[in-house]
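Common to both upcoming complexes is subunit A, partnered first by subunit B, then by subunit C.
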Partner chain A sequence: MALCFSVKHLFPISKCYVKNIILNNVCKYTSKNVPTTNHALDNMTDWETLSKKKKISKAMKAYLERAKEHDEFMKKQEFEYKIGKRHLANMMGEDPETFTQKDVDRAIEYLFPSGIYDPAARPLMKPPEEVFPARKAAEFDEAGRPHHFLFYTGKPNFFKLLHDGAEHIQQAYNFEDKVIRKKAVPDPNGELNIDNSIWLTKEQLEQVLVESITDLEYDNFKLLMERLISLPYAYRHKEFIEKYRKPLVTQRFALEIPKPSYDDEGRAFVTTYECLRKKARGDVTIRVPGTGKITINGKDLTYFEDVQPREQVMFPLFFTNMQDRVDVECNIEGGGPSGQSGAIRWGIAWGLRSFVDKDMLEKMQVAGLLTRDHRRRERKKPGQPGARKKPTWKRR
Partner chain B sequence: MSNVTHYLPVLKNPLLLRSPWSRLQKRFLGRPTSFPDYFQNPIFRKEDQAKLIENSELSKLAAVPVRPPAVYETSSVYHDPLVNKVINHVMEMGKKKLARELVEKAFENIKRKQIERYHLASSPEEKAKIILDPKTVLHRAIANSKPLLQLSPIKRGGITYQVPGPITEKRSLFLAIKWLLEATNEKDRTIHFPEQFARELLDAASNTGKVVKRKQDLHRQCEANRAYAHYRWQ
Partner chain C sequence: MISRSWRNLCRRYSQTVTFRTTESSPSQHNEKQIGLFYSVNHDLCKQLFAYGGLPKSFAKQTKTFTETAIMVRQPALDLIDCIKASDFNKPVIRYVMYGEKGSGKSLTLAHLLHYAYEEGYLIVHVPWVSEFLRRVPRHKEMSNSQTREGFVDLPLDVAAWLLHFKTQNQVLLKNTELKISRDYVWSKRESTVAGSPLSQLVEHGINRVKYACDVLDALVYEIKQLSNSKQCKTFVAIDGFNGFFCPLTRLHTPTKKKVKPEEVTLTGSFLELAKNDWSNGVVVVTADQLALPDDHQDSYLPRYLLYKKGFELLDPFVPIEVGRYTDKEFLSCASYYRDRLWLRGPPEIETELKFTSACNPYKFMEQCAPL
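== the complex of A and B ==
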């Protein structure tokens, strides 16, 4: 029944159609004696052999029913997704055979434009495997005896992970003892490179384990792994450690550097559009060679009345020592002086990439000039006077 | 066409899902109001970067995500974190522009006074002793007014003892700036803030004046209360 409920919510547009199908399917499930001939799910679970066994525990029976229901459901979702994709392709006038998920997202954005603040609340069409998370397979045999030695902890995969981690720590200690006894020095080549990755977040770990864990349990996981990597011989357990780390995003600043174009006077120029910071947005053009002339909305640097925004505009130019070798033109609107100067700062730094060498690029990255500041004002929450501020505490 | 709309219900709104699986779905917030923890703090001062290049750590650091510098930070030679700190302490009700103007005016006053003194000095030795740079004066003044110990009230047997103990670097800096500003604000209404602040800074830089006396008083009291020191751990 729960399934029906959820499915109805999923497809509010074609309620009747979905209901019919569900009723049909339910009928099929209840008539257990009838062997269904056209089973497309045989590759998922071997129902025939499983259901032929005489002695089946109640738990297993219930599981089989649930699993069957789930598989049917997923199959139907898959079918509907495929048909929906074909129709979308036809509507967009493209070839249904070569219509990819990227095209689907684009089509949905085009057909259902949404101004909703939270992207998670916008309409979407994804393959069912992404929308419905994976479920565990049977954890016990036909007699109801669990496969996993930690089954009765309730979270076998999570506690197995902790168990393995502790074992790895013990091994590292033993190895260290052995090395000390032999009076050897640690291998200088063996080094754990973990700078470019972070631990899986709680949600990601939950997806890996297919189990929901509490915050405390996640903290315990992190504590254990930190202990493991702090050991001198942790590099011997690299494989285990890397399973639970996610690489950080690759460097974008060194890629896709635009080639400068040339204007009528033969000067190279690069225009950066979409320079955003707070509520300000604008574009920045950098011309080389120049004399250090800065134009902001038709005025010079005195467009900003205060010193601080002026300093911000000059920051990337002074940093790269290009202050008297380039001309800068900006059009900027929205926001206040701080936001506008921040947008220009990023635009200048982003445009200067085409005119500096690789060492300077690295320096600019370490200085944080190439990072887009995407922070926005946090919204006010109902029931409290500000975004975070709470009402004054009163006894009564 | 009716057929097409019939099949489109695959569009779903995950927030409306009420199935037991929806719990596992991740919620992406469009525009976060802060940077995640794994973003490193930026290193933008030229001298700090030179150190990195010496240790050949620069390319290593360039591979990790870095926060952008704040609006008040630049790599300019005129940028000084301590001056920024003082400006923030002077600031009231978020009026940073005014606070910055006041501090810069105080610097101007210091410069004027020191240049006057410089020209009045007779011998070259005396001239060499006079610090002309207002920022150096500020640094010295704060270094001279930083306390080394602090008194913390600890209750034992119904009596509160003032127990001396070590002070953290951060709190010591905070107290120094706070004392300097308190001493400045004890002025007459006719005297303006920059003028009095310049005086206090010059006094503290030469190890005299109200703030240095306050620091020495605190040290003296700590010395007097050293008999209670064991209450810190007993």
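== the complex of A and C ==
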């Protein structure tokens, strides 16, 4: 039971009989141990004391019922998760006390290997707080009066955000007026740096607010925030603004550039393995200094008959202006000319990182030379002549 | 319009021309002129190459460029040096030119033909062997040979070739010194007696198409005799020579039987010329991938292309490789194309073109076309 708690939505049905055995054992185990785990749940909503109060509105009553249900559910899930973790630890032969979430993920991946393409659809076992979305606490008191002054808008948190934003704008205006009146100069150090961060996306904002919002509402939010940061004294509201911004991930590739090794002639070389595109696989070696000699599977550039693949191969070299300063050796197999040349192109660009400066690296990144092309051939569909192509429409 | 052509003219002649040589006689060409273009006189061009000899794409280009400019390249110079240095009393030396597709074998041969013409050789030039054996137009004239059992004649093709031979050697054939040594009896009424000029034999072949193939046989014999007796020196140039050795031709008899190349009479005649049992001559042949069917084009080396049969027939020979452009040749060619407005745009594209064409002359020309 414990193991199956969050895994059960995701496991193939064929494994059910295995689960049932575990399930029975765990059920017995569960009934014995319930009283002892109660103290851990003190921080949940204290619905019992609330329900003892006499004057209670209908809304409150309904809420209390729902809350009780939810709390019970979460308690059960939490318990099952812990048991499941212990079982998993035992199965993996490790110490259940020091078994962390990381180990759980590893164990699940080991015990239930899955080739499903989308990682979200693979089996998982996570703490229930992560699996089930957070719910709002009671929004009204026992008399049925809402705590929040915007309760009747239906989305109090969202409109509170807009309200706050508007207030901040107003404050900024007032401050600006004051500064002008005093004829003071604005603080040169107060700069709002927004280059390395972006606004929360709609989904992220929904999570923060615990409310679902529409596209229009999200647009309004952005409009308001943009107006706020466009004001000259927006830096005074930095704290408020940064709550709703997310830092951009810094480019990772810059850190991992390999240092070239040296061969017996004293030339620096870098070998890139696993250059892939479509069905082609291969490796590319770049040697510096060179004379622009290109060797593909022992042949020169005439390995490719057509102009297009040749252009593909030479593009990174010409882009970085290294065409007569390096030698390139490639071994490539599988796929056709276009796939092979694409793989070589990526391999050359990836290897050239070690020999170009930072500016050029950024340019290469922008030009898309360092991006892998993960596209594959799309399968043919039954009932139609190709992947997407439909049969010719004919009236009769 | 006038101003534009004026501008072009100004541009063309304002700068010193680095890709052209004024030396238009191939015998005077030397190492200094490698990579430079020389233009062939238009009339001469018509005389030498009127019935083929220049590759089709190049012939088209000469029309576009309004001149026939041939680049002086190393293989041609080597060959000319060899010919100059060789002893003509010894049996003929065979030269085999080989190289990748589009690397300029035929044009080198054209250069050599020009040289042979200047030096006063009797030219026996087959523009493209596959024209006889592999190209089958809708009405290909074929007949069974009357003199040789089981052989096939291509009378129209041979007559056309005789015409080509006549135009190429029109100066030499006027010389009545070239006399035939034997009596040839074609039929009851027609015969060519010994001592009549060679041109009469050729004329007979052209006028009486029926006997063209027999005339060709006789002509080959006579040429050998004349060369041996030092009456003339002969230059034999056969382009796509390995076409004679492919397993089957595309021809078939009225009974739908596939014809092998050795069953065609003209094959025997030309192979006779390629043997080294005569002297006072030069034989230059090319081995070309394009002369063979698609399934036998893996390598461009002569042993592979000539098959065992051809290799043994030619052995010993002097192999001469015609390679891709060197850097110098490429630059000169690019500036020639720029001069002819065949190539335009920023100067950087030349390095790119060098890359994409891999310095292959034909590919380079083709890729410049849309630029």
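Simple rule for what comes next: the second predicted complex is superposed on the first by the 206 of 396 C-alpha atoms of A that agree within 3 Å, B and C clash if a C-alpha of one lies under 4 Å from a C-alpha of the other, contacts with A are read in each partner's own complex, and residues count from 1 in each chain.
Note that a residue touches a chain if its C-beta (ideal position, glycine included) is under 8 Å from a C-beta of that chain, and two chains touch if they have at least 3 such contacts.
In this text, all values refer to a predicted model and were calculated from it rather than measured experimentally.
By the document's definition of touching, of the two partners only subunit C reaches A:R310; subunit B does not. When the two complexes are superposed, the chain touching more residues of subunit A, out of subunit B and subunit C, is B. In the superposition on chain A, contact is made by A:Q323 with subunit C only, not with subunit B. Touch criterion met: A:D118 reaches subunit B, while subunit C stays clear of it.
In the superposed model, A:Q170 lies in contact with neither subunit B nor subunit C.
Touch criterion met: A:T302 reaches subunit C, while subunit B stays clear of it. Look at A:N196: by the touch rule set out above, it reaches subunit B but stays clear of subunit C. Residues common to the contacts of subunit A with subunit B and with subunit C across the two structures: 307, 311, 314, 318. Contact residues of subunit A toward subunit B in the complex are 2-3, 5-6, 9-14, 17-18, 77, 80-81, 83-84, 87-88, 90-91, 108, 112, 117-121, 123-126, 131-133, 195-196, 198, 203, 206-207, 212, 248-249, 251, 306-308, 311-312, 314-315, 318-319, 338, 341-342, 346, 361-363, 365-369, 371-378, 387. Only residues 300-302, 307, 310-311, 314, 318, 323 of subunit A touch subunit C when the two sit together in their complex. Subunit B meets subunit A in the complex at residues 3-21, 23-35, 38-39, 42-44, 49, 52, 58-69, 71-72, 74-76, 79, 96-97, 100.
For subunit C in complex with subunit A, the residues that touch the partner chain are 100, 351-352, 355-356, 358, 360, 367.
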